[in-house]
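Note that chain A is present in both complexes that follow, paired respectively with chain B and with chain C.
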Partner chain A sequence: MYIHSFGRFVGHPVEDIKYYKQDVSQYTQLHFRRANRFVLLSLAGACRCVHGRGIGKDTGVYLTTENGNLGDTEAVLDQIFHQHQFPMPYNFINTMSNTASFYVAQSLELFGRNLTLSSKQFSFERGLELLRSDQLCGAVKEALIGGVDEAYFSGQQFATKFERNADTIDMVEGSCWLLIKDREEGALGRVAAIETFANMSQVLSWMKARAFQGPVQAGFGLLMSAPEKQAIIVALPHSSPFDYISDYGYYDSATACGVTAFLERYQGNCLVHVNKDFLGQFVVLVIEQR
Partner chain B sequence: MKGSLDDLLKRRIKTLIVENCDLDIQIEDIDDEAPLFESASMLELDSIDALQISIAIQNTFGIAIRDSKQMRRVMKSINSFADYIQPE
Partner chain C sequence: MKDKVHIRGKAAHCALGDDIDAIVTAMREQRVSLSDMPLTLINMDYSRPYFRLSASSAGASTDMETRFYDVLYRVIEKAIRDAGLSSQETERMAIFFGSTSIDIPIYEEHYRNAQHVLSQSASGYGNIASEITKRFHTGAASYTFTTACTSSANAFLYAAAMISQGFIERALVVGYDLFSHIGFCGFEALKLITAPPYRPFDKNRQGIIMGEGCGAVVLDKAGGSPDDFYFLGGANACDTHSVTTHDPQGAAIAKVMRAALMQAGVDAQAIEAVKAHATGSYHNDLTECNGLKQVFGSQIPPVTGLKPFIGHTVGACGVIEMILFSEAIKAGFIPPTLGYEIHDEELAVAPLTQALAIKTGTFLLNYFGFGGNCVSLVIANQKSFGNP
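Presenting the complex of A and B:
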């Protein structure tokens, strides 16, 4: 899987939805009247990824997200259970999981495979795995894959989920995308490995047995503990920590942000990203950049 | 007073439509007699917008539009809308 371009839209949520509409209007003439925050967020990242380059009409769209249309889902539940009203149709339609990836395909005039995937803390990694399988069996030659999530509503919501103080984390929303092809020519880099492990000792054994190209940047998911990070740094020769969450803030599919930030900063380096879920499983993602 | 003669009510309905359907249009530009849903309409509304408006009307005025025939009749124009909400 060769990475040909990337796009990143990460920041603090802006209340006025017009901010996102204006941003997206830089890239497309379409008017997204009924689009909500999540849809526009998806578009902002995807459009940046392909801006100025021609992409094939059969390009697939793999939108990965941990929470999907969080804001509209909350609005619909509030309308039904608190206000005892019918849900507003726009809100209801936008809770459908595939709405955002439909809008991405529509705005970029893409007719390829169109998927929205969610797999808790590993959503982006599982999306890449699926894309790899689809490429291997010839179902998809090129695809846009993005990690999109809205910011947490509050520090309390974050603290409840992660059992840690929200004050230490900058909570942002994000939409980070890669254009991936099966062709090496013209690529910025490649996805060299995606591996899942049941425990930390398996991760370390795998790393010790593998050679990594060039200087290694070690990136980590939010659930990785300090001792686990240190063990990885020790296991990887010539590695340095790449703390993209401190640099850009946290949103739930932040792995995608880490990959795009690495591609922007570290030419000729290798990214080893280790993510962990609440079950204690690990996924290692290796990106090699030219 | 019939709704179609009540400028304040018609302004409320126009504001409700513009806000709920996220239209990029000034309410002064909406003609009271112009069709809201036909292809020639400047608002370019469709069936999903009709549902959105009907629920907004129900939430705001407490008036339910129960079936599609009634909806077509009521939502013909701003004047017909106003007369439905305020018949006398």
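Presenting the complex of A and C:
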């Protein structure tokens, strides 16, 4: 899986939806009158990724997200349960989480595979696994894959989920995408490995047995503890920590943000990203950049 | 595809019951059980039909969260038992979950007395698959597909592909959608729900009738019994015509059917019968029939739709309809499309009006959904292809 370009749209939420519509209008002539925040957020990242590039009509779209259209879903629940009204049709349609991946495909005229996928903390990594499977069976030669999530609505929501104080984290929204092809020519780098492990000792054994290309940046998911991070740094020779969450803030599919930030900053380096979920499982993602 | 992937175990719970043999018998006897759902929550004095899980089998608890997981876990337990998995085999089983409503039915109960529940406490789309992982002590990965009405069909497609490629040993594929007010009121707001009878492909069809259900299959390289079905190939593609309807000419749908046949390595002529998506909406049926004519020409194999038996179970229909279709064939028949009476010249496709006697073969299953999502799957049983 060769990475040919990337696009990143990350920041604090802006209340006025026109901000997003204006941003997206730089890249597409389609008008998204009824589009919601999540749809526009998805478009903002995906359009940046392919801006100025020709991509094939059979390009696949893999949108990974943990929460999808939370805002519209809440609005529809309010319409039904508190206003006792039918939902507005476009509010209802926007509750379907794949509405955003559809609009990405429609705006870029892409007729290939189209998926919306979640896997808790590993959504982006699992999306890459599905793309790898599609490339292997020849179903996809070229694909856009993104990690998109709205910002947490409140510190309480974050604290409930992560059982940690929200004050320590800058909560942002994000939409970060990669254009991945099966062709090496012209690539910025490649996805060298995606591996799942049941515990830290398996992670460390795997790292010790593997050679990594060039200086290594070690990135970490939010649930990685300080001792776990330290053990990884020790296990990786010539590595230095890459704390993209401190630099850009946190949203639920933030691994995608880490990868795009790495691609922007560290030519010739290798990213080893270690993520962890609430069940104590680990996923290691290795990106090698030219 | 490198290796065949078998449906080693299965279980389903739908409006026809929660026992596979009883469900097949109900289809053979063409029995249905349709409920009325009032719209009092939104101050309307009328009802709409809905295929509910039968009360006796739907879990006794009145607490929504308990009932939600009771139904889910019972179906999964049965599927694992049917597959005859050892605890070691279960540990190495990945989870592929597909749903439209995910856990919204649980949150909806809280909205009766509160606001902003979702934005204060949403645990994310991947939560149910994570709960399944915990409950059944599976150590492999989990994937949650949310592609509207194709959700669990996509889950099946990717599980089978990843087993075949050797990335995972086996998979539990679950399609699950319980009644949700968002879905029910949303489809009614779009004027898509019809009064009975439910009659896909009929000239007088007027829309869909929704249903709830849960289906689970265990996929494995090893089959359970000689007549178990196996996956031959499948495809997914996006029709960018509109977020709610596909291109009525059926070009995208034809493309995905052809891609599935190619992936399966079979010609259109090898297909014994088609399980159509057949929602009963004017546009969906027109589009699907136009696609079928492009793929099969004048030699369209027998076609049937199963939604008149159990309703449109949205994201769950991928797995549930596959189980009902394949188990009916194992029992010797393909059920007719209930409710179909008057031929529609515009469709020019007549579905089965009587059960078709058949025990083996290669079959095409279609699933389409909002967001332009199209999935076709090709399955067969061993007798038709010799021993794998």
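Heads up, the rule we're going with is that the second predicted complex is superposed on the first by the 290 of 290 C-alpha atoms of A that agree within 3 Å, B and C clash if a C-alpha of one lies under 4 Å from a C-alpha of the other, contacts with A are read in each partner's own complex, and residues count from 1 in each chain.
Throughout what follows, a contact is a pair of C-beta atoms (placed from the backbone, for glycine too) under 8 Å apart; a residue touches a chain by one contact, two chains touch by 3 or more.
Keep in mind it's a predicted model, so treat the numbers as computed, not measured.
On the shared subunit chain A, the superposed partners chain B and chain C are arranged side by side without overlap. For chain A, the partner that touches more of its residues is C, with chain B and chain C as the two candidates.
Judged by the touch definition given at the top, the superposed model places A:Ser119 against chain C, while chain B stays out of reach. By the touch criterion stated above, A:Thr59 is placed in contact with neither chain B nor chain C.
In the superposed model, A:Thr196 makes contact with chain C only, not with chain B. By the touch criterion defined above, A:Gln135 lies against neither chain B nor chain C after alignment on the C-alpha atoms of chain A. Of the two partner chains, chain C is the only one that A:Ser97 touches; chain B does not reach it. Of the two partner chains, both chain B and chain C are touched by A:Pro89. Shared-chain residue A:Arg33: touches chain B; no touch with chain C. Of all C-alpha pairs linking chain B and chain C after the chain A fit, the shortest spans 6 Å. Residues common to the contacts of chain A with chain B and with chain C across the two structures: 85-86, 88-89, 93. Remark: chain A residues 61, 65-68, 70-71, 73-74, 76-78, 80-82, 84-89, 92-93, 95-99, 101-103, 105-106, 109-120, 122-123, 126, 129-130, 133-134, 136-137, 139, 153-154, 156-157, 160-161, 196, 198, 252, 277-279, 281 touch chain C in the complex. Those residues of chain B that touch chain A in the complex are listed here as 20-24, 48, 51-52, 55-56, 58-59. Per the touch definition, chain A reaches chain B in the complex via residues 31, 33-34, 85-86, 88-90, 93.
Chain C meets chain A in the complex at residues 1, 41-43, 100, 104, 107-108, 111-112, 115-127, 129-130, 133-134, 139-148, 154, 158, 161-162, 164-165, 167, 181-182, 185-186, 188-190, 235-240, 243-244, 252, 255, 259, 263, 369-373.
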